[in-house]
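In the two complexes below, chain A is the common chain; its partner is chain B in one and chain C in the other.
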Partner chain A sequence: MNPFKSSSNAQKTKDRIVACVLAALTYVILACTLFIFFDIAKKGLPVLMPVFSEKGGEIFNSDFLTRMPETLVDYTDENGDKQSMASTDFIEFTKANPDAVIENKKTNAYSGGGIAGPLVGTALLVIVCMVVALIVGVAAAVYLNEYAKQGRFVGMIRLAIMNLAGVPSIVFGLFGFAFFCLFPLLPVFTDAPNIEKSLWAIPLFGGFLSFEGWGNSLIAGGLTLAVMVLPVIIAACEESLKAIPKGFREASLALGATKWQCIRTAVLPYATPGILTASVLGVTRVAGETAPIMFTAAVALKGKLPWEEASGNGIFWLSDLLTDSVQAMPYHIYTVAARIPRTDATSAMQDGSVFVFLLMVMSFASVSIYLRIHFRKKLKW
Partner chain B sequence: MVTTSSQPTDAAEIASASAANNPNPIAKEDSMIEVDDVSFSYDMGKTNVLKNISFNIPAGKVTALIGPSGCGKSTLLRCLNRMNDLVDTSKVTTGQIRIMGQDINASDVDPIELRKQVGMVFQKYNPFPKSIYDNVAYGLRIQGIKNKSKLNEAVEKSLQRAALWSEVKDRLNSSALGLSGGQQQRLCIARTIAVNPRIVLMDEPCSALDPIATARIEELIAELQEEFTIVIVTHNMQQATRVSDRTAFFYLGELIEYNDTATIFANPSVRHTEDYVSGRFG
Partner chain C sequence: MATHFKRKGKRVLGVGRQDAIRFFFGGNAMISTFVLGAICIFLAREAAMFFPQHQRELEVFRLTGQEYTNFVIEEMDEYTEVKSLTNQAFYQEMNEAYGIQRGLVDSFGALSGNLFDDGEDLIEELEDARDAVDDADEEEAKTLAQTELDGIQAKWDNFLQAELGKADRTAVDSFGRLGKKEWQELLDAMTAWDPVEDQPPALVEAAKSEMNKGMAAFDAARMLIGSAGSELSKLRGELIKVTTAIKDEAVADKSSAARKKALLEGSVNAATKEDRARLKEQAEKITIRKNFPYAERITALEGSREKHKAAIAALEADLKPGIAALPTDLASAQAQDLVSRIREKGPELIAYLDQSLQESADWRYDQPVSWITSVTSFFFGKDWVTNSSFHDFYGLLPLFTGSLLISIIALIVAIPFSLGAAIYVNRLAGPKQQNIIKPIIELIGAIPSVVLGFFGIIVLGEALREISQVPWLSWVPGFPMQERLNILNAGLLLALMAVPTIFTLCEDAINNVPSSFTEASLALGGSKLQTVMRVVVPTAVSGILAAILLGFGRVIGETMVVLLVAGNQIAIPDFGLGVGVITQPAHTMTGIIAQEMGEVTSGTIHYRALFSVGLVLFTISLLINISARRIIKRFGLAA
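Moving on to the complex of A and B:
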């Protein structure tokens, strides 16, 4: 007789069913994720690497990454085959072959060329955003965690920061538009002040310092994104600071360090890995946001890369770069997905953009994971 | 008078009983630290965790503070280099602490300068996750000393004084966290004495160490007492008898008895001290 024999089969069955349901629901998430990745890769990979497409082709389509977006022309040639090419290529083609048969010619905005402009624009937006967000965020976190007396006022500040994290991104976009684009006290360096908008124009360095607002610009978009990502950065910094053992601070202060010396030499160096990891995750978030930049920074079409377009020298060049609008990946995807009909000709730009963007964001996330593992190994106490 | 305890004996009663037969045996002139009627609170004076403590700590000797957990001995130690300033709501409510004759809570005293003279070694050894060299040089570097040969000299001297030099001289640039617990604590002592303080405060420096490492630290304390005034908080009464010249017994925030260590342990004048040092309670 087995004294440990199960007394209730019903209980056992119930237990098994619960385990199965929980497992099934978990795998549903995994299935969704895999399906999304697989679908995007299946459609997008052949655009970047035509060798994987049905027709075959070159191994790597570098044009897609290095050319600016432009209008796509598609037509039927003398053999009845469908052809499509970017409009500049089409103009050259017709010049070279004036007798070519071109029938059913159609033009599709934004769908030709490559995505160099949006890629560069997103990179610039992220750089401006993170520089500002890190400086302000780390400063705020250090103040809240190390200097401020913990009381009702600091509690209210923390609550405000948490609420900021819950504001919808479109609201940030409108705020950014009102504050960074239109607010006339924001100065630009320019050779030719905008007379209608400018409050004052002060002659400086052979040009003018004109108070006319920043308009639809890289800096307005970057700052709007910075405001949006600040709560994330501050929370992450505070977590990192709290994880530093009290013993480091006490040892430092007991050796006669001032508060700032203590923070600079015994706290911040050890909080850096955490701050870095969090900010890379922040980058992933701001890189993907559409709403905050659609009023403040992004345009659908540009002829040149931002630094090619900026004019002037020194501070005028920098000012021109920062106050000019940019293309951006999320906005580009929105444009080609929502404003362009999907045809055989246009789908390449649509699928390719999404695929490259996904790769971009995933690589940011991988960097974050790598940093976390790397520093965790190196800095242990 | 606050009596918060369900302990068998009322601390206030014991203290008043002891006051009469406990003459303060240290002449004012010889004392490095004078604690004069000090009360201290962690909550802006609502409740005092130290109550009217008065005693003088002699220069060039080892003074042990003993007593059961929560009796205020660590708090008192942290008053001596104003580490309690880190707690926003802490406050010395009565009395004065004078070090070398100066009231250390006076408005013109800079706690940074005070801490350069009054070093501290903590209960849990806490070297920075830097190299051994950088740990010892830390205090000098924050004082702005950059001269390489000066730093080298100070690091070597401090490690020698902390009896650690022979063990680490070949790996000064490797991480301090690779050392054993006892070595890490001696490194912390080296780091503290590198800035040449007058006084070294030790807050249960051996409580996280094994007996062999403890013995080495105790030897070190005996050697260091020639150069520094040492105040040590300890839970271990044998340790107090081994390392200290004088012992103060605290109970519930009051100083019950203060005398030569030999007297405290062999012939205490207060019954309560005797109960504690003989292990009947605590």
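Moving on to the complex of A and C:
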């Protein structure tokens, strides 16, 4: 028998069929994903850019991005047309036109105005989270990769990091609530300590340093998110540290550098692209999370932007900003999607918020994927 | 030249600068260990406080006789299920076998209702005119009244004609039961309809009597089943009232010392003399008892056991012949299914009732509650009821079942797709395809879960319901769906969320198979596919298994999608439907925490119950992680 005879025809057809099935499975996943993106864009784009809606309109609806969420009023006017506007606009409108015909007036909470508050809140949460997570994460990665010798201690740390990565986000939320919000060893600067909660208040700079826990606040939410994203940051940083050739370190040490000088001059500069990738990846992860901030940081409605609302000066202002609750995009979407019935009037807020949020997170995700592929290709020693 | 290698810098407490830097990095690395430990401690602390508190609650539940009441409530629930199944079957059958007749009767009702509404004034005039004709004594007056009546009658006839001409079949007969021919017949019959006498046309009468005659046997059986539980229902109401009163009194009694203290303090500090006197008087009225006299109060339940026994006997006496009398040859297949389910359930119900009666007869209010009961009633309790006026139940089972069912569906859908994609991308696709497919699948992992949940509510839910209502798909179990938000919907969305996790890890595992294995297979004459299926995949199986486990961990811990899409109904899904169980709504462990955590006060039993659920989730995720690691370590080729 000829061992180099090509496979039988039957085998070839079978190969081809199975290959087609596998390809089909792959492309079904892609099709579903793209369908979701397109469906959300189709509904949400006209809210942000009314020129694409059926009715037409201005090119860009900047109000949607610059106004705070408020109650939406919808009614039928004298022509039987449906009208809807944010409650402040409605009050002005009724003042200007006292005899306008308003029938079937209905109010819908959270569905009017724009999404400035949630956007700013999410940005602040992400900043607080990333500042903490990057400092801790990079330091931990440097320790694990540069200092530590294989042993019990490092094994325990690695085990903890790996297990932490698998903990459900809602459990982080519970932990954040019990620890950051309620644990009475966490201090706040305040003019008036909460007597019921405060464990101990020290007079300081004309105010008090009160140990009463942080409550539902920006810093509690930010730290909860930081704890959650830590394993991701550590893993990504370690990967980039590992890619730096040993020779760099050896050369630096041979020239008489101390360990710290070596890390500072010969390791960290070459790890910056990796750290950048890690931080973008971290932002992607935390910006989209709802469960950890539901009861540690987020509220559904706020009248003002966080820095407008914070009072006091200097450290008291910062403390007030950090210990005040914020609005956040994912929580805002949860509120409007789950608690507000979907009607023609309320759907604009729902679709618009979801579209902007998805666009935001997806651009971060794309950047992180691009950076990773780019640096992997470029940095070869 | 040894000085060049001398250590530089000062040392404080034997710690130099380099050491301090080292400790700083080490300390940061320790943070993750610290956090994991803190999570354990905080969850375990609340859970440890939950069980004793739960035990005390259960003790009160027993001492107040509420536990006895609960026997009756549960019996009633079981019976009500059979009753509602019977009603469902009855109306299904009626619609199927007598659809046209029912359509005629209902359409007549709707049509005449419309006519009464629109022609209200005209009908009144007609009635008055007729009365006038009847009342008129003299010949002349009678003729006069008659002419007037004729005029109004003509007006009415015109009105009726016009209204019937306008009548919209789809609006009147909204279920579409009537064909074109029947509709026309009804309209023709209606032309002779008299609004004052309000007699249905003969056609409708005939339909009605035919329907009633045909359904008579079924209706009798239904009535028999429906009325069987009336005594038990009465007993249930009585017991709830009595035992809730005992409980309220006991709860008030517990806080009496604190209330008395507050009132006394108030009486000292009050502004006016009258207030002081009034508060003092109120405080003196409160007597502080060391122990609440449960033994005395429980006597209110005397005689309940006999009543209970009699009620169950009465129920069974009616239920058995009722179920036996259910007709067998039904026109509707769905009704037939339902009836056979009732027939199965009947004996089960009776056995359950007998057993429950026996258990309730052995029940004693002063039997101590052990801590084991506190633990088992949390892990295996079938109810999660909070903020109830009767009693709060903290049972994990419905939540756990919901979480598990949704995760299983997600995995069943996700595994073939992600594994297939991993094989395709790693072994069959060219580099160009790889560069497109891999980033897109990674992007799926970045879609925020709340966005997917939103998509599930407004798009997938609607789409699934529409598909389930397609007539030729009605053989699929569970179709047509009752609810838009259900286990299937949530499972499908979670499948998409699990794809990136499973895909990436599977792809890694397949990639790690040494090239010598594939080369050997190809050299032996294996085709590309044979190599992949018989060499590569079996070698990578440990990695694939670990990937599936981690995917499971990902979906069981997911919160927002299930909170938005699973339907949030706290009940164990009805497994009697077979595979159709997946079209029912459910609640989950993650969902309940997210939903209820915001509204509980810290330190209450409800708060601690939620932390206990969190501890269960945490334990599950740890177990999954550890076993995935073990699998890779033990069977993995190159980790």
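The rule is simple: the second predicted complex is superposed on the first by the 360 of 381 C-alpha atoms of A that agree within 3 Å, B and C clash if a C-alpha of one lies under 4 Å from a C-alpha of the other, contacts with A are read in each partner's own complex, and residues count from 1 in each chain.
FYI, contacts are C-beta pairs under 8 Å (C-beta built on N, C-alpha and C of every residue); 3 or more make two chains touch, one makes a residue touch a chain.
The model shown is predicted, which means the values in this text are computed figures rather than measured ones.
In the overlay built on the shared chain, the residue A:32 is in contact with chain C alone; chain B does not reach it. Of the two partner chains, chain B and chain C are each touched by A:256.
Look at A:247: by the touch rule set out above, it reaches chain B but stays clear of chain C.
Judged by the touch definition given at the top, the superposed model places A:149 against chain B, while chain C stays out of reach. Using the contact criterion defined above for the overlaid structures, shared-chain residue A:164 touches chain C, although it does not reach chain B. Looking at the superposition, the partner that touches the larger set of chain A residues, chain B or chain C, turns out to be C.
Residue contacts after overlaying the shared chain place A:185 against neither chain B nor chain C. Within the superposed three-chain model, A:365 lies in touch with chain C and out of touch with chain B [touch as defined at top]. The contact surfaces that chain B and chain C form on chain A in the two complexes overlap at residues 256, 258.
By the touch criterion given at the top, residues 81, 83, 86, 88, 112-113, 115-116, 119-120, 122, 124, 126-129, 138-139, 141-143, 177, 188, 191-192, 195 of chain B touch chain A in their complex.
Taken in their complex, chain A has these residues touching chain C: 3, 7, 11-12, 14-15, 18-19, 21-23, 25-26, 28-30, 32-34, 36, 39-40, 135-136, 139-140, 142-144, 146-148, 156-157, 160-175, 177-179, 182, 227, 230-231, 234, 256, 258-260, 284-285, 287-291, 294-295, 330, 333-334, 337-338, 342, 350, 354, 357-358, 361-362, 364-366, 369, 373. Chain contact summary for the complex, chain C toward chain A: residues 4, 8, 17-18, 21-22, 24-33, 35-39, 42-43, 46, 416-418, 420-421, 423-425, 428-429, 437, 439-444, 446-455, 457-459, 496, 499, 525, 527-530, 533, 550, 553, 556-560, 563-564, 590, 593-594, 597-598, 602, 610-611, 614, 617-618, 621-622, 624-626, 629.
Within the complex formed with chain B, the residues of chain A that make contact are 149-150, 245, 247-258, 261, 265-266, 270, 379-381.
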